[in-house]
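First chain A sits with chain B, and in the next complex the same chain sits with chain C.
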Partner chain A sequence: MNATHDVKGALDGGTSAVSRRQFLAASTVAGGSLVFAFHVPLAGEALAQPASAEVNAWVVVHPDDSVVIRIARSEMGQGTLTGLAQLVAEELDCDWSKVTTEYPTPGQNVARNRVWGNFGTGGSRGIRESQDYVRKGGAAARTMLVQAAADEWKVAASECRAAAGVITHRASGRSTSYGKVAAAASKLTPPATVALKDPKDWTLAGKRLARLDTVDKTTGRQIYGHDLKLPGMLNAAIKECPVFGGKLKSFNATAAAGRPGVKKVLQVGDTAVAVIADTWWRAKTALDAVIIEWDEGPNAKASSEGFDAILKAGLNAPQAAIGNQNGDALAAIAASARRIESVYSHPHQNHATMETMNATARYTPERCEVWTPTQNGEAALAATSEACGLPVAKCEVYKLHLGGGFGRRGMSDYVRQAVLLAKEMPGTPIKLIWSREEDMTQGRYHPITQCKLTAGLDGQGNITGLHMRISGQSILAAVFPQNVVNGKDPIVFQGLNATGPEAGIGYTIPNLLIDHAMRNPHVPPGFWRGVNLNQNAVYLECFIDEVAHATQQDPLALRRKLMANHPKHLAVLNAAAERGGWGQPAPAGVFRGLAQTMGYGSYVAACAEVSVSAQGVLKVLRIVAATDPGYAVNPQQIEAQVEGSFAYGLSAALYGSCTVKDGRIEQTNFHTYPVLKMEDMPKVETVLVSSGGFWGGVGEPTIAVAAPAVLNAIFAATGRRIRDLPLKDQNLKRA
Partner chain B sequence: MTQLNVNGAMRTFEAEADTPLLWVLREQLGLTGTKYGCGIAQCGACTVHIDGVPTRSCVRPVSSVSAAAKVVTIEGLSADGSHPVQKAWAALDVPQCGFCQSGMIMAATALLKAKPMPTDADIDEAMTNICRCGTYNRIRAAIKVVANGGNAKLAGLSIQHADRSTT
Partner chain C sequence: MLPFTAAAHNQGPGRTLVSLERRHLVVVAMTGWLACARQVAAAPLPDDLAAAIAAFADGMPVREGRVSLDIAELVDNGNTVPVSVAVDSPMTEADHVTAISLFNERNPQREVAHFVLGPSAGLARVSTRMRLATTQRVVALARMRDGSCWSRTVEVIVTLAACVESEL
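Up next, the complex of A and B:
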């Protein structure tokens, strides 16, 4: 069985032969007729393509030797399609120039006993958590293909070898190709065990290969959720109650219903109003004409000022969940010769993916299908089933490429909405697209926290005790409350744990206490690229910088002293400091700052160079970023992720803030929620320190060192210690 | 029925006069390469050329575009991705999620036509589109590749392509 669920744009010079499973979105453009043929699976269709062979769940080989590698994780720009395909192809020994990828569907995963494992795409886990089984999938397929050739030749498989999709038997001089033996291979029993290559022997993995999905993104042919078109489809726009926790009280659709193209004006659940129309623009403008009255509920007067007071109280509360503890920090601080204390804060932020949330759904009493860009296909499938009331076996989700994810598309709220709308018009596909305003005000925001750090010092300036008290929101309490045990959300402590891939602290402190007073204002938090590592690195790395300056120590020297037992952390810090020129004179007016952390299995550090004018205008000039992800699967894409991470992290540090007034988010679009643009983007130099022996993620960890490295450089430039973000709201004039 | 000259062909459509050009392109004419990002001319994902001028089509009422004006979208830049800007973008693997890249390419194409050898300051001034993946440095490098005759090796990325070329 071969599954075609990807929406592919096939460029065709003129009239296209359209198969049963294809349909046309035809458009005439310059130079004649240009036809886009999309593969869009329709209800109840067999997905098999004749004559192609599924060797195993990961590998399909066509008679022309082209290879389709199945990828369960979602592509949202991070390059996972290419990186995971490299790992499979490496073990498969196929011809890379003949490789394409496709998504299996969540429904097929359920039907096949989760043969593709986890579809969840977040936490920088695409490669680090699936590398083992996808490589084994490639190796098993190679073993079966070679065995099929050996069987045909009646020789031992051990006498045959495979390279670039060709199998040869040297003794007899025979050779064949994967395409010729794939059908026979698919009937063989998979090997019980396979040996994986030593990474030093890799020829595809570890190389600076071009992405497999670039060209369509330069021609406009890549189909995103916004672009999907199904036969008979209608479009929808929606407004949820802008106050989280509020409900719809009433609405007057008189003006909207008479507008051109409008099919329905309707309530969605208890909390939203939507318009369904022939085009999205007509739906959106009609929705603007609906007069809506909300029951704003208990949070109608909530504000960011109120949240600040709630979090401040948590900084001194007696009750807190302990995340990391050794010795007796409070006693050591009480007994110390000198004490340093600072309070930091981190605001709410919106993911602001370029493509707003969207999903297309078609419901009949027998089956419900959804086409959507999602970071979690299986969660989207569960949400579909729950919203439509049909069992999972009668539901399906087809994943589309994401126009950005950053954690927001791990949620399925927009899928639920689309299904509820489709249920109102059985048989008609409904494409729901959020306006940017809806996207900005219905986010799942970066959690707000504050942190009070208290260090006790001895007479020589050594840290004798450190207490980090975090106060604020828990993502798990909102999203996966079953994972909060005894009031403790373990991911609050990312980067601050004693050990482990989910971010061990890089310092040895003789007496340490890191605890969290959970305070959950009503604004829903979500996983936001980098998650809690982001603010934790700001808190700790800026405070270490404070201690260094307060004790007249060089920030690098102090860190080295505290990091002697953390050689991997230290190696990337040294790499960033060295390439960044730490300790060497900087150009006139240029100042440097350092930061390091660990997260998502990788070690990262940065050296930032900034200038600040007499008027307090900041320019981030250069970032040197060192990363140790263990094994590097595609160095040029790791560089792209590091650069992108800095753009995301710097955007947050410079501009990112969502504030609440009257229970609702005040920022409604990019004019009030500015983000980093070209003119703000520093030069980024990536130092890849691939020490091998482990698998770390690269999509997120570097974000966390962007802000603290810049904040520490700002202190060096101005003497101002910035403890609250974003920087656009801070006075940066020299102190 | 209203007429527009899009990508060299006269197209007819029906839409309210105040419908933004973006939505006519996407919904009436099926040209979905031009994207909706913000609807208020902030992000540039909707950038098209009108008589060669980069224009944010999300705030441009279609009634204000005359049938004589030449509208070019990403689909009209080349039939096969062979425009020098598209080629540089592919050679440098510029896109990540890719959603902003149609607008970026249209903005860059207009910049390079007006200033074939743009300075960094020219690039900063002209390229005000938003990319949330943070591809800005590769965009800057790709613009410079085009300005320097298309030699992608200038960017120093050493990317190995499926056809075994390296850029």
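Up next, the complex of A and C:
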């Protein structure tokens, strides 16, 4: 496999590859104007072949038979470059060992009427949303390549076969390769319709193929935003008002301006101050020397305690938006023989990507270019255009790999800042990197919610009614209020919906009411990997466990009873429970907990094994996780995603909490916002239950079962029902 | 979801395929595409939008022209999108714009704004901000004093952020 995703420059048309920290810039000046300043092509070494052909938007074939597959979604560790390439290559019938990938640019996509579709990378949608059109792209290219060979041989295309990039005409014994007919194929009219393979016939998709980007990442050759270097580039650090909603009142740059390497100290918008210097550390330390006075605005005294009171009030508020309802839950609960009621909460959390937010921008009055790790290249392009004032056609965004995204890099605030800075120094590339402190305190946080669950039981312990009242933040109200419908944020109910292919509840409850009292503290919420599925799974799965224990039922047996009408949910639960040894004796001191949910089109379940010492020290030992994503495009990548989901989900469950005092986030770095250490990582066993017939995502749903499975195991171990996260703040000594 | 159509994949003569060795010429090569970037696909308008436009036209034919619609073709967030409509009109007592209306394709309601104008408006130009729930076409219509109706349609791409489960 050739190396993929080099970052290259094009000085005088050259294509020399560059190493990670020797990134070269390139300018091709024609007619006195900057025609093309830079690009971040992603393919291997064969860029200069004379007769390479774009067979269609997805597929470029070189004369040496190497194939470049274009991928619109952003790679942030989830393996989408490899998975989507497998789908294209499967239909293309090319030689996988000759495949590389590249990103088309957002500007090209807009200019070509969005031929590559949506660039947005999130919601576990990479495979499931684009599988249809990328497979058709591969199939159409194959059809055209075969037709080109048939035309050359003057035979019917139906008599020709393609395999591994070679086209053969059996009757005459002739054969040719994709590279030889690509130029002719590119001139053909694409087929109006193409037939896609039945997944049971796949030879590349569905296989455990190695990732295309492992070598570059292992050798350090991979360029991330922090690594980027352009000739003449300056570096910038920024501080935005730490109180959300506040503004910059004044700043005194006297001390900072005279420091070595400092080029400019300047205001950015009406909320931030930045320093531009020759190196980033000089910019950062000079910024620390700037005396800034903030107008902290109306939220200057806001605190987490205040939010708690606001959300508590919502738990009993008369008005709430209904997300799922059948029967009359309130009446059933009122008439029940026994009631169980619990209140849970979920904190604000930061995405805490390994690579802090960053973007590099170069502005001239004619053109503005941005290099940035982004989950949404088109949004970054829109933000660039808006910030610099040039039309989209005069802007371009070159996507770099992400050192973590988790939803944070779907927002383009850092891109906007970099462009505003670059506009102050036309012609000079400005690389803006957020300090860790800035990254921690200017997040778009996992929303806070609380949930009161009330179950009514009959004399035999059966649930006759269930009311889930969620109180708390709406992401859509903050980010896309135009999508709040009749006061209801529909995505608040992830995993709790009545039906649908996305995130349906796995239980049948005779009388059910799930509603949401929207309460929006001033901390800006955002999409945080797994989004609302995470806390909803904690609420429901722990409460089901509570009901099971309160009624002396086995938690698996109770779930099976309630899930009889939800066979796909039940199948993954059974798979996790069986492989996890549920019902079998656990080793001494080891206790198990279960959880299941559905989200992003997939069904997931986990069986966690934990121990808790007499001093209350938790050790998560082993997790068996079952996933049904319908079709599995690369089982190895699915396993990696599932394991990563526990690294991320357990970080959140054990440590993840952002608290607010005086209107600002208190946690400023990893000393107060820890993440899971390697020694804390349990053994994860993934059970892939690919039942076929649908396309589910795998990047997010499993996160949601991490916390509740562990919380239920902690209860089994200690008798303590933990209803508030993170666990680091809880007493786990045996009750 | 991107519909897979022959047209979407056909680069056509004169817009030859971007081969990799010419990658650094992409910007030049793309000028041909840029010229048509804002052309609106010829897909028919949905029934409810067509009905809203017909109600505005009140029986008069709606013709393309005379109206310019200034709105970003690509927006980061459809929450607050500036939009301006100008109409080629002398704005005299005898010949002026009497109304400008904005319609959309995929918001909950088809009507966005209705402006009443007269010769004392001076210029046939209005500006406001609108919300766009998602990628869609925006239609501006103007009615002249003689009852004739003119329109301009623009497609706006709204780049929704990550981690929503499906397009909202």
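Keep in mind that, in the parts below, the second predicted complex is superposed on the first by the 686 of 735 C-alpha atoms of A that agree within 3 Å, B and C clash if a C-alpha of one lies under 4 Å from a C-alpha of the other, contacts with A are read in each partner's own complex, and residues count from 1 in each chain.
We adopt the following convention: a residue touches a chain if its C-beta (ideal position, glycine included) is under 8 Å from a C-beta of that chain, and two chains touch if they have at least 3 such contacts.
The shown structure was predicted, so the numbers you read here are calculated from the model rather than taken from an experiment.
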item	value
First (chain B), second (chain C), both or neither touched by A:T121	second
Touched partner set for A:Q108, first chain B, second chain C, both or neither	second
Which of chain B and chain C A:E679 touches, first, second, both or neither	first
Which of chain B and chain C A:W281 touches, first, second, both or neither	first
Chain B versus chain C as contact partner of A:M354, first or second or both or neither	first
Chain B versus chain C as contact partner of A:G593, first or second or both or neither	neither
Intersection of the chain A residues that touch chain B with those that touch chain C	26, 28, 405
Residue ranges of chain A in contact with chain C within the complex	10, 13, 26, 28, 35-36, 39, 41, 43, 46-57, 60, 62, 68, 105, 107-108, 110-125, 129, 132-133, 136-137, 140, 186, 189-192, 375-376, 378-379, 381-383, 385-386, 392-393, 396, 405, 407, 409-412, 476, 479-483, 485, 491, 494, 502-503, 526-529, 531, 599-601, 700
Residue numbers on chain A that touch chain B, as the complex places them	11, 25-32, 34, 76-79, 96-97, 207-211, 213-224, 226-227, 229, 235, 260, 279-282, 352-356, 401-406, 433, 435-436, 636-637, 639-640, 643-648, 651, 669-671, 675-679, 681, 683-684
Of all residues in chain B, those that touch chain A in their complex	6-9, 11, 15-16, 19-20, 23, 26-40, 42-43, 45, 72-81, 86, 89-90, 93-102, 105, 123-125, 127-140, 157-164
Chain A-facing residues of chain C, complex	1-2, 4, 6, 8-11, 17-21, 23-28, 30, 33-34, 36-37, 41, 72-79, 107-108, 131-133, 157, 159-168
